[in-house]
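Working notes, beginning with the structure itself.
Read from first to last, the chains carry the letters A, B, C, D and E; within each, the first residue is number 1.
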Amino acid sequence: MQELINRAKELLADGTVARVLGWKAGDLPYNPEPAYFESAEELKDFVYNGFCGANLSKYMIEASKLEGKTMVCLKPCDTYSFNQLIKEHRVDREKAYIVGVGCKGKLDIEKIKKQGIKGIESIQGAEITDDAETLTIQTLYGEKTCAYADAMLERCHVCKGKEHMIFDEQIGESKETKDAERFAEVERIEAMSPEEKFAYFQSELSKCIRCNACRNACPACSCRKCVFDSNKFDSSQKANVDSFEEKMFHIIRAFHVAGRCTDCGECSRVCPQGIPLHLFNRKFIKDIDALYGEYQAGADTDSKAPLTNYTFEDAEPSIVGKRG
Amino acid sequence: MKYSYYPGCTLRTKAKDLDAYARASAEALGIELIEIEDWQCCGGVYPLGSDEIATKLSSVRALAAAKEKNQSLVTMCSACHHVIKRVNDDMKNVEDIRTRANNYMELDEPYAGETEVLHFLEVLRDKVGFDELKKKVTNPLTGKKIGAYYGCLLLRPSKLLSFDDPENPRIIEDFIRAIGAEPVIYPYRNECCGGYISLKEKEMSKNMCEKIMESAEGFGAEMLITACPLCLYNLNKSTGATLPVVYFTELLAEALGVKDEVKKEVQAS
Amino acid sequence: MSSEKKQAEMIKEISGVNPLKCMKCGKCSATCPSYNEMDIKPHQFVSYVINEDIESLVNSKSLWKCLSCFACVERCPRDVKPGKLIDAARQVVVRQRSQDYLKADEIPELLDPELPQQLLVSAFRRYRR
Amino acid sequence: MPLENKEFKPKIVAFCCNWCSYAGADLAGSSRLTYPADVKIIRVPCSCRVNPMFILRAFEKGADGVIMCGCHPGDCHYSTGNYYARRRMTLLFSMLDYLGVENGRTRVEWVSAAEGVKFSETMNSFVEKIYSLGENVRLGDLRCKS
Amino acid sequence: MQRIGVFVCHCGSNIAATVDVSKVAEMALMEPGVVHAEDYQYMCSEAGQAKIAAAIQEKGLTGIVVCSCSPRMHETTFRKAAERAGLNPYMVEIANIREHCSWIHKDMEEATKKAVILMRAAVAKVNLNTPLQAGESRVTKRALVIGGGIAGIQTALDIADAGYEVDIVEKTPSIGGRMSQLDKTFPTLDCSACILTPKMVEASAHEKITIYTYSEVEKVSGFVGDFTVDIRKKARSVDMNKCTGCGVCQEKCPSKKAPSEFNRGLNTRSAIYTPFAQAIPNVPVIDREACIKFKTGKCGICSKVCQAGAIDYEQKDEIITEKYGAIVVATGFDTINLEKYDEYAYSQSKDVITSLELERVMNAAGPTHGHLERLSDGKAPKEIVFIQCVGSRCADDRGKPYCSKICCMYTAKHAMLIRDKYPDVNVTVFYIDVRTPGKNFDEFYRRAVEQYGVNYIKGQVGKVIPQPDGKLLVQGSDLLDNRQILKEADMVVLATAIEPNPDVRKIATMLTASIDTNNFLTEAHAKLRPVESPTAGIFLSGVCQGPKDIPETVAQAGAAAVKAIGLLAKDKLMTNPCTAQADILLCNGCSTCENVCPYGAITYEDKEVNDHGIRETRRVAVVNNALCQGCGACTVACPSGAMDLQGFSNRQILAEVDAICR
């Protein structure tokens, strides 16, 4: 972390960048938030640890409009999002000084709490430089421990890899955290009977409160105005006429980002209701891979997206019924 | 190359030698034919009726057994090939038959036409390759003018069997070339010999066989080969056998130089 | 439904053939190797089914003269496939017990030493229930 | 839940492209090839004009089945529209299937202007399927248990 | 709020017999925005249109719904009627209660209910309609004809005679097409070349016609009135300006083994060749596949013997880019491949030939110099069998489901000509039906039977059986005598099905012209617009649209020319205003729409926007209305809904959905 701060100070000092986009400590030990830093002074609040899950690439849309360059800290998985935004002309590569930061898996406070660890005062072992396999947590009720891997976000268990897809320089080591199959959960649902699938999604989606946190965090959901807020489809934000709208919202949101979603997992991370929203996007990714060839959004900036592409021999929609 | 082998009733009883030739040739070609356990007779005729289920089950059993081993199913006999391949197609494409047959079968996993059904000639053409076969021939049948007799069951209906061009086939001719002999093409090679009716309508099938023989002879054939034991019997029986008619496995064994050995064994047993 | 109509429906059902597709080109009859032995010719099978004259059909010699060689099935340009109709009519007959075309007691005299197993098997399947 | 005695009359929306399928439906009409009145056709210029939102909206408003018809792949009046539509619909239908919605409620069929017979056959079989599936309950409400 | 008038047409009894039209009108009055509703016998009649006009003026209507036949039939009629009464034509919507309702339903109550719903959907849509203004585009006064057969030549001549420039693009080295391969033509038995050659000469001499032979259309862009076409002029290896057409090169060329396309492969030609003696232009091409010089680098004899120095081995393909206002497709046909019909032994015997091959055999310039002889041994045949419907009228995938239309007549012609010239030759025709609708056609066929004694047998042939002695045994059925026939023949002629030229698929794709399942180009209306493609500015001439004989082809060629002339005569065209439009306030500038636009109609520009007080420069999509054809692909690709389609807007379609599901 110190190395990052030092580098940020240098870049600010020599005028390479006008500001730094990173994370600053929050009011709790586990809720750092994205922040701009414009001076060495401000950088004293800079943090980078296991709780810095937020994907900063989306902030670069606005930062691209600002005067001067912005140093942005991107984890390997965030760089996919950044590439995708370049492809869609939403960010200006020239306005970004990308520091690829190392990552050893990001933490999910909910997972820690689920282990019965309450009244958290401080957490050790979440620092990025730390090799510790274990988190040591001071609570009101004394010291607790928790294995780092057990506290990791779902997305880190299916990590796309340690490589930064785009960067100006790299700081810090990354660690392989993948220990699960990316599509296992999707496959588990696919194998259910229609009744089970329906029951599963019904129970998950009934938690939705339409807070739009998923939409706000999603780097692909970066429309100036969401269709659900505009009157173009008579779907503008209003009291839901019926419960169908939630489902429509999530299906359409997934559809709009299909072929563009890098599977960064922010939607699920930020959902206050803990709905596994990534399972919608990942279903599309799985289908796209199977039907139209492997495709990883954000792996490059110039390939044709699956939904703006076609082949003469593409599968017919009836394949859905035939897959059994 | 390992295959599930379905010998069929005739090659198991009256025509053991044809089976023995086939096995010996296969061995010479590095093909392993593993006989399906407890196979049952296919019935010899494909039951056309869309409501026939019971008559299709013996084929389904054999197919499911091959599937279990993840092997293709190979037959030497055109009738078995015809019946099993068509039943397989039913299992793959006709939902009603598939459902009902599976209800009878009580397999661990329902069978849905996954197995590939091959006539041994197809194995030679598509898996071994006739060029490759040619290289393995030690005793080429040079100079022999042979007429291929296809009959009906191998070729028709062509859409289902997708074996060869039903009106102008070439697989047996290519086979004949591969074993060093010269094929004679004659127009009656895909006309029926009347095998199925030869039990009750002897005169009719005799007429048909004679037409075939005459045509082959007219175009200069010295010998006919066939891939169907019923045709073999009928052509030999119903005509004065003006031309010798032999089974393709016998010639194959001869060309591969294993025939005499097999002959001895069969006679001994 | 009259019994003839029922039988006609049954033949259509078992065979899967729609006789109305026939354009009466006669290619089946031009193809059939047993043509001269048949009293009802292959192309006529279609009209017998359409006209529901099943009585004549099931009493026809043609049922037993058909070789099941599928030549008419292969060459029919209209996807009618008269061979399937003939087979279905034969089924209608042999499914009635007493109608077996091959009687058990006539088998021994038809046998000869080289007769392949499959001929007997297939004869049973074609002629008997 | 539908009343037991009430006869089920499905609502079925058919999106038809102007150049092939709408014309195919016209041909079915002028050839007097019947299909159930439950089908109502909406004319769109091309199958690629059909937004997944239209389909979901139809279900939201109580449709029991939605079918989309376009020119055969390769024959699109705008050359490539139906290729995009094909991918979009495949993914959408797969998603609906994933959510546990009976996939028989959605269908895509390519019908040319010359295929009046196919149009009517398609509609007949689709309506039959919808009758067999019954009223659309799931798509109407995924969130709350009724 | 709109003021909408609903007009329900009885269409005589076509609608009114099944739909309670007055009920529909009555129900319409309950719909939002509807201020007027009436029903009438024939809405499309002058009186019907007058009713619409009167209502527009009297009730101040702002929108119209006509419940009638398909919009494909009368949308334009009603739009024009509305326009005459002072209403924007795009404020008119049609509810199709005939083709989609009355004609397919029997139960009056059910049909009426459906008609009401279709009316509601149309009303819901009109409520959201906005007046649209058609733009204008210019017309390039030049036509392109693709294909240089009789259809293409006739179309080109007719257009050129009207004073417009025409280019003909022909794939082969000469114009003339299939007709140049024919010997005689029915039903008058004129010599084909004698009537075709003058037309070929006329076309080549016409000052308004440019002929590109040995050329293909490579790329088409643009739209009606303003197409841009790339034509690939393949390297001929002969300088067209220098060549005198003396023919010495062809004589001296040592490579003479290439199969002659013109003679259907029945004999061979030299590597440098003109397809036939009367070829236009009379300039040979070098077949580089066959040429020794191109294959080995050695030879060059043609260059040595050419006094004009016209041979140019270095010549390269050339791309010519030209603008056209109209394009006529006249790509013609070929016979189907007989590979799948080997029961007729076509690939097994040289004496089994197609009818087109027989044309060449009977032609004095053909492989046998016009002598009727067997191609296997040159012997004169004594018995000839013709087989009809080979590959036509087939329900399976071996052949074609349609009737090829010309075979009955040309077979009668062949039979007659053979019997006339060789009275000792017996001719038998196996037929399924003899179809002779046409002026003097049946009389012609009867002459073949009555005057020339051609033996017609009703029944198909099952198999042609080559015999060891070279004869052909024909096994067929005689359905009238109920017998199977075995007939020994010396030659068998197959009336092979015709199919559209295989290139037409590629061309149709470039033109975005629709094609049916048999690869015939689709006409805009089967009865009322038979020579126009549904794609504006594309016209159809000859067999590319459907099987037809020479008189019909020439008639259609003329009709296509008239339609093209009608277009070229205009100085400006009204463009379809139903195009895409980007809402720049919503546009993300992501380029997704650009990626799916088949017309390149979308570009991105940096534009100054004022988004609720925020002024900034944004990258936004801009639609070129002249290029946009209104497919809507972009509207769905756009995630933010910035892209919408005028006339088929998201809200309009959703309103229809809602109305139907209500």
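Here, a residue touches a chain if its C-beta (ideal position, glycine included) is under 8 Å from a C-beta of that chain, and two chains touch if they have at least 3 such contacts.
Source: prediction; values computed, not measured.
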Touch-network distance, subunit A to subunit B, counted in steps: 2
Required steps from subunit B to subunit D (each step between touching chains, minimum): 2
Interface with more contacting C-beta pairs, comparing C-E to B-E: C-E
Identity of the chain that, by mean CA position, is farthest from subunit D: B
Reference subunit A; chain at largest CA-centroid distance: C
Intercentroid distance (Cα basis), subunit E paired with subunit D, Å: 30
Euclidean distance of C-alpha centroids - subunit C vs subunit D, Å: 43
Gap in Å, rounded to a whole number, between the CA centres of subunit C and subunit B: 25
Mean-CA-position distance for subunit E and subunit A (Å): 53
Where subunit E touches two or more other chains, by residue: 343, 463, 596, 637, 650, 654
Interface hub residues of subunit D, defined as touching at least two other chains: 51-53, 57, 74, 80, 84, 88
Residues of subunit B whose C-beta touches two or more other chains: none
Every chain pair meeting the contact rule: A-D, A-E, B-C, B-E, C-E, D-E
List of subunit D residues in touch with subunit E within their complex: 11, 13, 18-20, 22-23, 25-26, 28-30, 32-35, 37, 40-46, 48-54, 57-58, 61-63, 71-72, 74-81, 84, 88, 112-115, 120
Interfacial residue positions of subunit C with respect to subunit B in the complex: 13-16, 33-34, 37, 64-65, 67-71, 73-74, 84, 87-88, 91, 101-102, 110, 112, 114-123, 125-127
Subunit B residues within the subunit E interface of the complex: 165, 167-168, 185, 187-188, 215, 218-220
Subunit C partner contacts - residues on subunit E that touch it in the complex: 343, 389, 393-396, 398-399, 432, 458-463, 475-479, 482, 484-485
For the subunit E and subunit B complex, residues of the former touching the latter: 339-343, 345, 347-348, 463, 465-468, 473
